[in-house]
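Each of the next two complexes has subunit A plus one other chain: subunit B in the first, subunit C in the second.
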Partner chain A sequence: MGQFFGSIYCWFEDFFGLGLADYLWGVASPMSPNNSFIGIGFSMFGISLAMVLVFYYVVNHPRLDNWWGWLIFLGINAVINFIVGWQWVLKDYYDNKMVGIDPSTNLQVPLNIGESEILCFGVSNMILSILVFIIFSFIFKWWSSNCSRAPF
Partner chain B sequence: MSKLFVFGIGGTGSRVLRSLTMMLASGVKAGVDEVVPIIIDPDTSNADLTRTVSLLNKYSAIRSNLQFSADNESLFFRTEIKQILPNYTLLINDTDDKSFQQFIDYASMSKANQSLTKMLFSDKNLQSSMEVGFKGNPNIGSVVLNQIAHSSDFETFANDFSDGDRIFIISSIFGGTGASGFPLLLKTLRTGSGFANHDIINRAIIGAITILPYFKLKQDEDSEIDSSTFISKTKSALAYYESNISKNGSIDALYYLADDVAKTYENHEGGSSQQNDAHLIEFLGATAIIDFSNSNYMGTSNMELGIKDGADTVSFNSFYNRMRNMLYNPMVQFTIMANALTHKVSMYRSNSFNANKGNFEDLYNGMFFNDLTDFFRKYHEWLTEMRENKRSLYLFNLSCGDKPFDLVEGVKPKRILSKFSDYNLVTDRLNSAIRNCKSNGKENKFLEMFYLGTQKLVKEKLSN
Partner chain C sequence: MLGVISLFSCIKGNKIEVSSNPVDVEVPSKKPSVNIFIENSGSMDGYMCDGSQLKDAVYDYVSELNRYTDTTRLYYVNSKIIMYNDNLTSYIKDLNPVSFRKAGGNTANTDLGTIIASVLETVNDTTISIFVSDCILDLPEKDAQKFLTNCEIRIKDEVINAQKRVPDLGVEILELSSDFNGKYFYPNGSVEILKDVQRPYYIWIFGNKNYLAKLNAAIPFSQLAKYDLRGIVAFTNQSNVPFDIYNNALTSKTIIPAHGDYHIIIQADFSTTLQPDGIVQDKRNYSFNNSNLIVDGIYPITDSKSKYSHYIKFTIPKGTNIAQDCLTFNSPKMPSWVSESNDDTGANIHENTNKTTGIKYLIQGVADAYKNEKVSTTFNFNIKRK
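And then the complex of A and B:
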């Protein structure tokens, strides 16, 4: 699964930077040797799936059976996933986990990752969550009693 | 397939048939598969008659699109209204463009017969035109309507009659056409032998409702109808009915309806200006037909109806349980549907009504939906007329607008645990109902969806 999620997120590695990509793959920092894409990816999938199910089966409101009703939930899902992706990685940044080992001194040195790259990762997570929300919508919409016409 | 032949005599007959049609549309259960209305009124242009014929035609047009297989749970428009005569009207021979004296061929009578005729009929009687009925003169009606059995339309009725079918006769006792037509028609049905199936018809179960005065007419010197004579005519006719109908067992069930609160209408002798507003008494008259179709009789039963109180306004709460149970669910369900498809029609015909998908996209531009919309308009008119009449029948609050459950007068909607309210709740229940519809064809499915949806809503929000 780590390979799967990693390859999806790496569609955006030029956007959020190779340094952060390597860190998330678990190959850049001894403080974070595991593939972080698994956790973030599952969270993004889980949140998007939950939002789709909430829209089609919990809220399931007759007045939201249209493109704009669906768009509201897509937007909420995007914002949540942006915050989750951004804060997930930002926590590692503030915990000083984004460090490498200088082979000459054997001392820890900070990786070349800034807050702007982390913000870009949040945006990437948001874009992926939009795609996932759309896919889940077309899987689950058919059985909704009031909203199966959303988005169209 | 048992049938109920309903003879509506005179203006009152047409108006009771109007109420009956509304009840059948709403799904009030008649104990027969088909109702065959037959209007007897020489005044074929009177507006009460033409309005009822138009309504019956509309009902039939809607019903012709529906099939009621065992799977179809809907009761809306379930009972078939069968037309066996043009305009549902039994034409009486030789009444067109004739005065009464021409009809009886007064000019060619002997002097002695002319003198006898003069004793029985006034000059005004003799000169009155047959085209606008008998203008409150049962003595004229009893002569003219004696020709009923000789008409080809009566033969059509007789040919259509089968063993097990029933007959019901609606008439008023205080006018001309109904008061004279009822005993004559009953006598013909019970003892006549010159028509097809007369042996079956003679022994058929026959019921009737006789409506006692329930309105007055303004005094008019130029009119032959004087409502101050209604009571005296009623007394005479009741005495006649007692000895010639009830006591000799020629009828199985005789329903009587009367009210001592009466509204005064404009005095029209007939024609297109005779259009009285729908009235509680006609509504109750229609319930008598439903009751008759669902009952069995041993000997002659004389029936009257009581309501709980004598208030000026009658609602569902005024009825005793049997009557209330017969009417409440069907009429409330039908009114919720009529209101939704009248006041929220743009929403229900739009894409945002989920049930439309794959089911009703092309239904809203067709004749069926046009007919249904027109029927709902007539239904609302009917309810409004009864509400504004005296005594008032106030069943529904038709100005409930966006609050569809503030509908039934005297019934507070229940609170339920739901995230939806008002029309969102209606829509949600319809969207759920469409999944349980088993009927085929979009028209059947459309009404079944509304039937199942409103059935659940009434149970949840407006049950007794």
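And then the complex of A and C:
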């Protein structure tokens, strides 16, 4: 799963930076040797799935059985996933986990990752969550009693 | 859905895993013995002025060596080897023309081939010999070129003989410069007094390369820079160099491609190659079996606790498929300072105070003895797709 999530997040690696991509793969820092894409990816899938299920089966309101009702939930899902992805990685940044090893001195040096790259990662997580929300919507909409025609 | 996303994700470059086989390395546990030979022929008198850099360099280097050696024996050398039976301080104090004469031997002529042969005879697997000399050949007035070629062959022959006794023989030659106040002997026998000039001299170090490596690590030649160290050349056979291979961040053997390229680091201990930093860090001395692979750079490791001396950054470019490859550190060409320091005639000392008559031929003789050693070391590694 690490390879799977890593590969889809890395569609955006030029956007959020190769340094951060390597860090999230778990190969850039001795402080974070595991693949972080797994946790973030599962969270993004889980939140998006939950939002789809809430929209079609919990709220399931006839007034929302149209494109804008669906779009509201897509927007909420996008904002939540932006915040989760951004804060998840930002926490590592403030915990000083984003350090590499200088091969010359064997001392820790900060990786070339800034807050702007982390913000871009949040945006990437948001875009992927929109894609996943759309896909889940077309899987689960058919069995909704009131919203099966949303978004169309 | 997952299938569709997976399909897209597969288009992305795949991870690889790098590995290498362990390298057997002989690490000497005992301390070596060291013999110090200073040539005491007449041409060396000029270096023995008060406060000359030669004296300071030898004193400093040998006293540092004492920390890491079992025994240190001191000698003068000319037509014969003369043992010095006092301590290092007295030895250095006695580096003057009067003591040189008193020590004995033939100080009028220098047969460097014989001297180097004598010094090499004292070398064995646990004994290192250091020879300090101006290395000026006594050129005959006629057939100088034949004489120089003969000297080259003589040195080659002596080094090959020593290689038979000490298979891992290493030879390091350092060129330094010192104050010189004294006589210069022309090939035609005439003498000229040189005052307050700088003249080159040479420190030859012979011994088992594993011991030389150990001493070089403890007392790097960079410590001699303050004594006007001008050039280093070293020769030895192919070495097994311990190394490890990692990703760019030294955290894993799994390599994630960056824009399709794989960036990899080899950490290695080059000490047994005896090659100086400038040679080790010269990318032109490296080649891969697969010519698509690129050496990005070689850098020193400054961490004193590290078991490696340098790291090599290299790239496997996008689209290059390999399962195994070999990075070769080739034996370097003769450094340019050897030719630049050479004077073929010894006839015009005023324009050539910074040169030594025939030094190129002496060093080339050593190089000839190692001419079959085309490779300094190799790094074999494996690549596995993940």
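What we mean here is this: the second predicted complex is superposed on the first by the 152 of 152 C-alpha atoms of A that agree within 3 Å, B and C clash if a C-alpha of one lies under 4 Å from a C-alpha of the other, contacts with A are read in each partner's own complex, and residues count from 1 in each chain.
By definition in this document, a residue touches a chain if its C-beta (ideal position, glycine included) is under 8 Å from a C-beta of that chain, and two chains touch if they have at least 3 such contacts.
From a predicted model like this one, the values you see are computed outputs, not experimental measurements.
When both complexes are superposed on subunit A, subunit B and subunit C end up sitting side by side without clashing.
Rounded to the nearest 10, the angle made at the CA centre of subunit A by the CA centres of subunit B and subunit C in the overlaid structures is 170 degrees. Of the two partner chains placed around the shared chain by superposition, subunit C is the only one that A:I101 touches, whereas subunit B remains out of contact. Of the two partner chains, subunit B is the only one touched by A:R63; subunit C is not. Shared-chain residue A:C147: touches subunit B; no touch with subunit C. With both complexes placed on chain A, subunit A has more residues touched by C than by the other of subunit B and subunit C.
Taking every C-alpha atom of subunit B against every C-alpha atom of subunit C, the smallest gap after superposition is 25 Å. No residue of subunit A is contacted both by subunit B in one complex and by subunit C in the other.
Across the interface of their complex, subunit A is touched by residues 1-2, 5-6, 8-10, 12, 15, 247-252, 254-256, 258-259, 265, 267, 299-303, 305-306, 311, 386 of subunit C. Chain contact summary for the complex, subunit B toward subunit A: residues 351-354, 357, 419-420, 424, 427-428, 431-432, 435.
Within the complex formed with subunit B, the subunit A residues making contact are 59-63, 65-66, 144-149.
The residues of subunit A lying in touch with subunit C in their complex are 3-4, 6-8, 10-11, 18, 21-22, 25-30, 33, 100-101, 103-107, 135-136, 139.
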